[in-house]
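What follows is a pair of complexes built around chain A, which joins chain B in one and chain C in the other.
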Partner chain A sequence: MLQRKRARLAYFLVLPAMVLVVLLNLVPLIQGVIVSMQNQNLIRPNPEAFVGFKHYIRALTLDDEFWQSFARSVWFTVASVTGAYVLSLGLALLLNLDIRARGLFRAVFLIPWVIPDVVTALLWKWFYSDQWGFANFALLKLGVIQIPIQWLSDPSIAMISVIVVQIWKLYPIMTVVLLAALQGVPKELIEAAKIDGANAVQRFVNVTFNFLRPTSMIIVLLGCIWTFQSFDIIYLLTGGGPADATQTLPTMVYVKAFWSSQLGYASAIGVLILLTLLFLGSVNLGLERMFNRRSDGNG
Partner chain B sequence: MSKFNMTRRQAVALSAASMFALGSRGVNAAGEAELSFWTVRLNTPELQAALLPLLDQFMAENPGIKIINEPVSGNQVYPKFIAAVQGQQMPDVAEAYSYHPLQFAALDQMEIMDDMIADWEKDGRLADVVNEFAYKKFFWKGHYWGVPYNADPRAIYYRKDLLEAKGIAPPTNWDEFQAAAIALHDPANGVAGVGFPAGDFHITQHFYMGFMFQAGGSILNEKGELVFGSEKREQNIRALTYLTDFATKHKVTPEGIAAWNTDDAHTAFVQGRLAMGMGTGRVIGQIMRENPDMFEKVGILETLQGPEAKLTAGFYNPMFVWKYSPNIDAAKTFIRWFTTPGRLAPIYAANPGQHWPIFKSEFDTQSIRENRLLGEMLTKVIPYMTDFAYPGTGIPEMGVIDGEKLFAAPVNEVVVGVKTPEQAVDDAHAKMQEIFTG
Partner chain C sequence: MADLSAPHRAARAGWNPRRTWAMVLTYATLCIAVCVILFPVFWMFSSSFKGQTELFARDMTLLPVQWTWENYKNVWFNTPFPRYFWNSFYIATITTIITVTFAIYAAYAIARIKFRGRFLIGMVLLVTQMFPHVTLVLPLFLLMRDLGLFDTHAALIIANVAFALPFAVWMLRGFFMSIPAELEDAAAVDGAGLLTTLHWVIVPLAGPGIAAVAMFTFIRSWNEFLFALVLLQSQSLRTLPLGLASFQEEYTYRWDLMMAGGAIIALPVLFFFLLMQRFIVQGLLGGALKG
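Moving on, here comes the complex of A and B:
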């Protein structure tokens, strides 16, 4: 009886949080799915007319722009997350050593993370400027290049330039998380491996990385989700150009919804982004289970 | 006669309900008509400092109306208005981008403004408007859906000192402009012949549009039908080729213009890196603030005479009223007051060059007489300004064509070398067609 009362009290206490979660997450999600199946073209009458999967069929079978943007989103995500992970792993290993001013370095490396995206985009736009940007200035002065590089206006370079910015934005949080995981690696295991004759690479691969793997999978998954839906940096740096070279799905959704007034179509693309990310999450979960089973088998 | 009995509690409840009912129908507890007024282009600190006293003045002169101003950030304009339409929480009155009234009219959200235009005709204001397209652009399906309150020109600025040093007169037509850009290009001294935004941004299409009109091209015909890549294909290709040749053939622009947005072009000119630069009216204020020594060395070119016409692209920004506002009459009273010639002088003065009058009678003012560049813009550019839908009146589809940057893309694609002008125009036309048929 007492237990039931306590359970009721617990439900009552979590009710406000549940209401908030439903109102702020579930309702917009359901609304988004509903809108994706409605006409919702703001220059056409009857916006709430039901059109079924028309917008989905258009995106998946008729609109080249969707698949081109999807491919760019995948490239942007894979390159950014890989680059950020490798960089942050290196930094985390370095900051885990007993070096001088370690605390200061840890704070400094966090700076890009706390800078708002809009400011980040403006800083890098200045950095990349062909006329007065620091990147070209430094490379010209050092004699590395003879003419300024068109970082943001050359279609073959623009995406790489944007990826560099995304790596800069992503690596601090990855570093912090990996560093925390590194500090949980038992020193005695590393010592034991050393005594058994394992070199530094073998110790890292067979001992340290085993402990980092679960954390790495989570941080890589989160990095992929954040990057795949990243909008501000690309939109502010290039607007999706030059010649659509940096147009990804989130920038396409923005243009279709708010400039093109096609709310229904934009919502359908939004739902497809959600499904892609759910798929990515499932793959991650599957891999994690597979590794866990292997570990259990080995154990 | 029946006796009406009411307890104290019922009386309190009835009063509260009446107050709520009054409030919810746009009338506040003081019995004033309460107008929500969303502003999109009047939100910088200096413009707000000029606007708020005007609103106070209106309320003092119209004691029955209270204005509640809500600035809407430029980045949030579409999301906010769209959410407002969905939730039926539109402002009673607003000033915003030029295609908003027609897009919202297509959604049955706009109050017809024919009576206001008729009033303007009666009191002579209509004849005083600098260009008839300023109000005709809001005419669609037999009605006016908004009235203009300001002009927003696009101009070509030039360095008088550099032209004089080379003995070149300010160009007035395409051939002279091209020759001047080539002659003035001086990369050794860090000065490019001409600069314009060619990034994948809205501003890029504004300058292409000017050259398009000058070549006899357009996006629509007089009936509002799409002719960009059909009847007007050759003219539009000619304009695109002429503009992009500065970057690809003559190579007299800075290398990176394919990533330039509005501010990049403005800054390059104000910093002295361009002999001639294309920009909005804001360049004037930027010169005055950031490089005042340059002011006397700068001029504004007369609108170029193209092969077919002497026209330039520009905007006339509207005020409009929500059809379901409980205070439509008060909203129109406010717009009539706000658009009275001479009323907005403090706004024009707040940031010189950002907002421009639409009435000819406002051109000869003290602040304009004291600022040579303002005067040059008013005489050399604004009289030749027309809008995207020219030679037709506005249609909602133009808002989408503009919004999707469908005619910025050709400039960007040709400058970066991924398409020829012919391919770029044809591809843009195909995308525009989807909007008309979709």
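Moving on, here comes the complex of A and C:
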């Protein structure tokens, strides 16, 4: 009786939050799918006419721009997440050594994560500036280059410059999570491996990294999900330019929707982004299951 | 075990040159990493105190030769910056109050009461956090337009609350679960109802956790850019991120204004973060990743 009363109260407590979450997440999601099959265009009449999979067919088969942006998104994501993971693993291993002021270092390394995206974009833009940026100043002074590099306006360099900023944004959270995981690695196991004659590299690969693997998979997956859909940094640094060199799917959605007024087409691309992420998530789940089964077999 | 740890401890107590060098190397690497990684941020702050001529000079110095507050004065008194600041401040405050209030009740129910659908709700909270905002922003724009809320702060507050809630609930749930259940049982024996217990026992005990969630929500709303970009149009309604981004077109090449403006936006966030970082990190680890 009491149990049932408590349960009823629970629904009552959860309801307001869940109504808001569902109304503003799931409803727009469904509406997005609907819009992606409509004629929606801010400058054309008859927005609600049903056009079926027209926009999807256009994206997947007719529009080269879609696949080019898709490829850039993949490259941007893979490079950023790999870079951030390697950097954060190195930092986490250093911070896990027997040092003082670990908390202070951890807090300082987290700073790029709390800096607002808009500020991040602007301060890097200033740093990258062709004429007045520190990057070019320092490289010219050191004699590494003779003429200033156009970090954000040279199509062959812009993407790399943007990836550096994304790594800068992404590594802090990975460091914190990896450090927490490292601190959970039993010290006795490492000592035991040492006594068995394993060198530092062997100890890392066979003991430490084994413990880090589940955590690593989660943060790499989350990193991919965040980076693949990230909009602010690229939009503010380059707007997708120069000459589309940094146009990824998220900036393409924005450009198609609000510069070309093609809401239906933009929604279809938005849904394709979501599908890509769902695919990524399910592949990861599959991998995890595979690893678990294998370690079960061993144990 | 004792055999193992005794020599280890002895080595630790005595001076060991190899160990000392390893330590020096570790600290040196960490300090260099900090300097390299945070340099662009340092450069923003340093630039924000440089005068126009120094800012665009051929030769650069790490710190201003002549420190000046001119850029801060200019951005505050000669641009609509104060207006943007106020907009951001009150939008973030209202967002935080609503989010935290809703989250406390929901998180408590999920953490402490067994009811049907609890697992499903947990899944919804986790999955919605993964939804790409670029996918949601277009239908949300249409929805707000149809509701007559386009170009209002209400639209932005609703969106901010909706997207902050899943994480806030999840993070608070972690904090609530770490409070020993015996305390609640004791309150129940004394005849306190569930809500009374929540208000007078749980909330005070979870104070730091709630503060961390509030701070997190505030920072998120303060930093938010995409929804403001799509849902707002009037200049007078702009938030700080939107306002600063628009400086790029309205004050082209006024890097003095942009650096001072960027510093003003980043400072409160940095201050509160460094103040609360222990709890925020704890909440992140417990809430987001351990589930």
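Throughout what follows, the second predicted complex is superposed on the first by the 291 of 299 C-alpha atoms of A that agree within 3 Å, B and C clash if a C-alpha of one lies under 4 Å from a C-alpha of the other, contacts with A are read in each partner's own complex, and residues count from 1 in each chain.
Everything below uses one rule, namely that a residue touches a chain if its C-beta (ideal position, glycine included) is under 8 Å from a C-beta of that chain, and two chains touch if they have at least 3 such contacts.
The shown structure was predicted, so the numbers you read here are calculated from the model rather than taken from an experiment.
Partners chain B and chain C, once the complexes are superposed on chain A, run into each other and clash. In the superposition on chain A, contact is made by A:41 with chain B only, not with chain C. In the superposed model, A:112 makes contact with chain C only, not with chain B. In the superposed model, A:285 makes contact with neither chain B nor chain C.
In the overlay built on the shared chain, the residue A:258 is in contact with chain B and with chain C.
Put simply, more of the residues of chain A are touched by C, taking chain B and chain C as the two choices.
Of all the stretches 7-15, 25-33, 61-69 or 79-87 given for chain B, the clashing one with respect to chain C is 79-87. With the contact threshold set out at the top, residues 129, 131, 257-258, 263 of chain A are in contact with chain B in one structure and with chain C in the other.
Within the complex, the chain B residues that touch chain A are 78-79, 82, 85, 103, 106-108, 199-201, 254-261, 264, 268, 273, 396-397, 399-400, 403-405, 409, 412-413, 415-416, 418-419, 435, 438. Note for the complex: chain C touches chain A at residues 4, 23, 26-27, 29-30, 33-34, 37-41, 43-44, 47, 55-56, 60, 102-103, 105-106, 108-110, 113-118, 121, 124-125, 128, 130-136, 138-140, 142-143, 158-159, 161-163, 165-166, 169, 194-195, 219, 222-223, 225-226, 230, 240-242, 244-245, 248, 255, 258-259, 262, 265-266, 269-270, 273-274, 277-278, 281, 284-285, 289.
For chain A in complex with chain C, the touching residues are 3, 6-7, 9-11, 13-14, 16-18, 20-29, 31-32, 35, 40, 91, 94-95, 97, 99, 103, 105-112, 114-119, 121-124, 126-127, 129, 131-132, 134, 137, 168, 173, 176-177, 180, 191, 215, 218-219, 225, 228-229, 231-232, 236, 249-250, 253-254, 257-258, 263, 266-267, 270-271, 273-274, 277, 281. Residues 41-45, 47, 129-131, 147-148, 150-155, 158, 238-244, 255, 257-263 of chain A touch chain B in their complex.
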